[in-house]
Every structure is written in C-alpha cells, then in structure tokens.
Amino acid sequence: MKKINKNQLKQLVEAALFVADSPMTKLALRDTILAEFTVSERALNEVLKELVLDYQPRGIQLVEVASGYRFQSLDSLSPWLSRMWQESAPRYSRAMLETLALIAYRQPITRGEIEAVRGVAVSSNIIRTLTEREWIKVVGHKEVPGRPSLYATTRQFLDYFSLKSLADLPSSEVFEALDDNEPSPSTATLEAPSESDRAIETANIKREENE
Amino acid sequence: MKKINKNQLKQLVEAALFVADSPMTKLALRDTILAEFTVSERALNEVLKELVLDYQPRGIQLVEVASGYRFQSLDSLSPWLSRMWQESAPRYSRAMLETLALIAYRQPITRGEIEAVRGVAVSSNIIRTLTEREWIKVVGHKEVPGRPSLYATTRQFLDYFSLKSLADLPSSEVFEALDDNEPSPSTATLEAPSESDRAIETANIKREENE
Amino acid sequence: MAEEQQEPVVSTPIQQPLPLAFINGEAVIEKPEDLYIPPDALEVILETFEGPLDLLLYLIRKQKFDIVTLPVAAITVQYMEYVEVMKTLKLELAAEYLLMAAILAEIKSRLLLPRRSDEEDDEEDPRAELIRRLKEYEAVKEAAQTLDEQPRMERDIFAVKADVAESVQPLRIEPDVSLQEIVLAFSHAMKRAAAFEHHTIEREALSTRERMSQILAQVNGETYTPLDALFTLEEGRAGVVVSFLAILELVKEQLLMCVQTGPFARIHVKLGRHEED
C-alpha cells in the first residue's frame, strides 16, 4: 500500500466526486481511486471537510446526501441555470383556445357557463394551463350553489396581445369578416368600419389604460 | 437588462459550466444564463480567466476546447480515476490513428489520397468508425472522376483530444516542413519527379476510392 | 550517414530466441537479421506492418540507413525476402506489397543503366519519388503516434459534471398564440352554440365586461364596499359610465348585490345575489 500526501489525496477525491456519475460514499472512494493507498479515516474526513469549505463561496457546493457526497449547483442560482434547459410546450388545442376566447369575451364567466356555450366539459388541465401562463385568473365567485369561480383575463393577457384594454379585442363584425374571408382576406369593406369605430372607442378607453 | 456584480457573475458562469452537458461558448452563456443581464465582454473574459486560475491547483481544470469552455479532470490523475469504471478506454489501431492523423493534418482529403500516402487501402470499417464517433465528416467532393468524398475533422474530434483548434495539434511542424519542401526548387532532383509520379499514382488509386 | 554504403548482413540462418516487443502496436525487433523465425511469430510481425512503406521504413531503420541515400539494392533484397516469407506462409499478401516490389525492381534497374555524360540533364534520381513517399509516410506515422499520446477523453481526461440543484426546472417555452386565433376560436364557439347571438358581443360590452372583472376583484362576499369606491373620478365621465354599466350588468347577472339602508344613504355592494328578489 502506497502513501499519498494530503494535497494529492484532496485533488484525487475532488476529481473523483466530479467525474462520478452518482454520489460517492467514502467506502466507494476507498474501493476505487484509493484502492492502492493507505489513507486514514481521519485524513479522508479532513479532506472532505476542507473541500466542503473550499466550495462554500463558489457557484457549486459539495454536499452529503443519503447516497454519498456530490457536487451540486448553488440553490440560489437555479432561476438562471434553468435557462440552460428549454422545452417547448405543445401548441394549444382548439378547446384551449375556445375557452380562452370565451373568458376574454364573456368575462367574468364561470366554468359552467363556458361548458354551456361549448357543449362539452372544460378540462381542469385547460384552466390550469391558462392560469399558469397568467392569462386568466379568478376574480370572484358566483353566489350560486357551489360558489363557482369567476374567471377573467389578466393584464398579462392584454400585454401578450399588445392590447391596451379588452375593448381593443376585435368585435363580432371583425371576426365575422375574418371567418368569412379566411381563404381570401381581400375584402376590405367589412374591415373598414371597424377601423373607424375602433378609433372612437380607443379615445373613450384611453383613461383606463393605467388602472 | 439587469446588472450583475462580478462575484455573482463568476458563481453563475462557474455553476453553468459545471452543470452543462457539453462545453459552452461565451455566446451560449450569454444566450442562456446571462440572457437578462448586461455583461461586458471584458467582464466575462475576466471571470473566465479567473476561474481558469482558481482551478489551476485543483483536481479539475477549466479548459477551452473547440466547442467552448469545459471543466475536466486533471490529466495526471487518470491512472486512479479510470478505476471508477469497469471497462477500460478504447484503444485505436495504428491504421485508424494514421488515417485520422492524415485527415487531421491534410484536410480536406480523399480516401484515395490517404491511401496514396499510406501505401495501403483504407478499410471502409475505419472510415465508418471515425464517422460514427463524429471525429470526421464529409465536407465536399473532389471534382475529379468519381467525385470522391473529401474528409475533414470535426469539432468533436478537437474536443475529444482536448484541443482548441487544429493549430494546437502536436507536431504539425513535421507536416508543414514537408509541405514547404514540395514546391521548393532547391531540392529539385529529389522532388521533381514526385509531382508527376503523384499524378500517376493518384490516377491508379482512383478506382479504389469508391469501392 | 557514415554507414551509407554498409551492405546488409545476409547471414546464414542461426536459430536464436526472438527478442520481440511491441510498443504502441509497433513491432520492435532487435536484429532479426536472419529470417529463420518461427512461422507463427513471423506472421504476427508481418501483420504489424501497416503496408509496404511501413516495412521498408522498418528495414531502413533496422540497418541504420539514411532514408535520403536509400541503398535500393540492399533494401530490395531484404524486402523481397520478407515478401517471399509472406508468400510461403500463404499470408493474405496484399497487392500493395507486390506493387512495391515492382517499384523497387524498376528503380534498381534504372540505377544500373549507365548514366549519360552530360551532368546537366534533367534525368531525375529514380529513387526520389520513393524517398519522398517514405519521408511522408514516416511523418504520418509519427503524427499518428503523437496523436495517440495526446491526452484524450475516456483515457486521460474525464468529463466533469456537477448535479443541478433540485430547484432547477427546465424553462418551458409556451406556444405562441395570435389574436386572430382567439377571435376565430370565439367565432367558432359562438357558431356552434346556436342559442347565442353574435351581435350581443359588442365592443361597448367588452369594456364593460372588463370593468366587471375589475369590480369583482375589488369587492368580496363578506363585507360591504361603498359603491362610490368603485368609481374613479379621474377617469372622467366615460369611465364612470363604464363602471356604472358594469355594476348594473353584475347586478343583472346576480353576481353583485346593492344595499341601501335608507333613502339617500350610501349604497354598498357585496358579492352575491338578492335572495328576496
């Protein structure tokens, strides 16, 4: 059995914990990298303790978990580190878009009322997704049996669609036009009045902008 | 854009490089963890330089390879660290290494040209293995009959050998010296025939290229 | 250089132990001047050559010749002996070895031809091309060896990785939605619901509905909120009108109830509907 000086021991233990695929116990260290060295329990403990201290001010930390020692990122850095992994959420379903549209146009509205219009149940998943995206929120409860939540759109919803207020949502004539024209968007006659109407209305609404 | 102090920047960059699955360039750091901060190029360079220095005496090192910055274990610890895995590192045959060396130093190069220098056929197996390891790739085709593939090394090749660029390849002088000699008229007696001979030779090899 | 004219020792076969070593896959053989080597061992040696150039280089190095002076005759003899052994062993003799034999023979014959008297002719040294190839191949061989010695992943250096803290969550990229999609979705929903009249959704109503949401968020079901608290005078008349319409609509939809304790007293509102209606 060979001797190993403390500095080498520290480098070796440090490197091993960093290259290991999972946390390593002191026993695992002894069975692998330290197999040919005589290392006292005290020396090993000391080195581990020093490493914990060395990394205290750094972006990663040496921690002891149930299955051994491992290096992990500093908890407070997580909001930024999270950006290193991005996953794209799937596109919204028709049910999701219709629910959102009904909440936007008919707010405040209960889930039951949405279901009444759509003729099908609204899944909790849809409500959760829209709530998590902070596009809708509960603004109150309808005082009927069961006190269902009343949903409305949020400031974030308006911001996302660059709307100053809900009044800027295209009106029924516009979407009639949109719908009819879907294959051929050339018909301007239907769009024209909505433009001027909008101007008047925008003037009316201006004051609400920074409520 | 938010400000970030130097200590926080250092911690964040350090943690990111440690948790990343592959080397990270400065651009990748800016696109992810630093996306919401104003960080000058100088500040980022400084932090990276400091991190390199901080880890110099440790068991792991911060190095810059072709695809960016990464932490890696200290070269000299490998005899012990390799005990952490059951299987030993793959060994490569001389034929494979010579082929790889030729592609690295003479890229872009055709299989026929490799064969002309080595004096033997290059097995398809070698090309396949090198391609599968993503060490070499086809970068084009030579405009001669048969349009043979032109091979070059990849960033992964440089990463694997811990190199930042092709210029860091060891003993590239040997090849440079050879190249310099070729057109030099002083050694005309020796070099003169080589040009024409090579042409004949290349022609001979042509057939093999696409076997 | 001094030994350039030294002829190789083509000795008679002497049985001797085979000092054979492999360094990095390269056969290092101390003095196998004779070719009397156990056949299976020879096979191993021959297979370690990476082709005719490699074998030639080995022969040159073994005899301490200088590549530049390449004593073709001597080398050819030795080379042919190896090739003969390969043949007798029925080794799968690569065509490249035979091609090289032909090249050597050709060079040898050209060297034997009497040279013309005029020194200045451009008759090139027949060995030149072979020498160039040998030098080039030797450089490749060296480069391959250096490359093999270069620290590399898996063998000398290992990737380092720290775990991420539990709180690191992948950033979710939410899908994009266009305003047009929302408008169309509403239109579709409305069309399906025959009971609804499209025109009831007026623009005027939308600003009212928005205000309804705002008011609902302001009041609660436990305590009464003074009605005047729901008006913001700074908004001007239009704003007050919108609020008023919103309150009326909320009462109509039985979401809000208004209470007035006496004539001209302050009106209060709270969530809920008038039971006594």
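Going by the order they are written in, the chains are A, B and C; count residues from 1 in each one.
To be clear about the criterion, contacts are C-beta pairs under 8 Å (C-beta built on N, C-alpha and C of every residue); 3 or more make two chains touch, one makes a residue touch a chain.
Remember, predicted model here, so these are calculated numbers, not experimental data.
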Between the pairs A-C and B-C, the one where more C-beta pairs touch: A-C
Distance-maximising chain from chain B - centres being C-alpha averages: A
Chain closest to the middle, measuring from C-alpha centroids that were averaged per chain: C
For chain A paired with chain B, centre-to-centre distance based on mean C-alpha positions, whole Å: 38
Inter-chain centre distance, chain A versus chain C - centres from mean C-alpha coordinates, in Å: 29
Cα-centroid distance, chain B relative to chain C, in whole angstrom: 12
Multi-partner residues of chain C (each touching 2 or more other chains): 158-164, 168
Residues of chain A whose C-beta touches two or more other chains: 15, 18-19, 60, 71, 73-74, 77, 81, 83
Touching residues on chain A, where the partner in the complex is chain C: 15, 18-19, 60, 70-75, 77-78, 81-83, 85-92, 94, 97-98, 100-102, 104-108, 116-119, 133, 139-144, 150, 152-153, 160-161, 163, 165-167, 169-172, 174-176, 178-179, 182, 197-198, 201, 204-205, 207-208, 211
Touching residues on chain A, where the partner in the complex is chain B: 10-16, 18-20, 32-36, 58-60, 71, 73-74, 77, 80-81, 83-84
Contact set on chain C toward chain A in their complex: 158-175, 177, 179-190, 192-193, 196, 198-199, 201-204, 206-207, 209-214, 216-217, 219-221, 232, 234-236, 238-239, 242, 254-255, 257, 271-273
Chain B-touching residues of chain C, taken from the complex the two chains share: 24-26, 50-54, 68, 94, 96, 100, 122, 124-126, 128-129, 131-133, 135-137, 139-164, 168
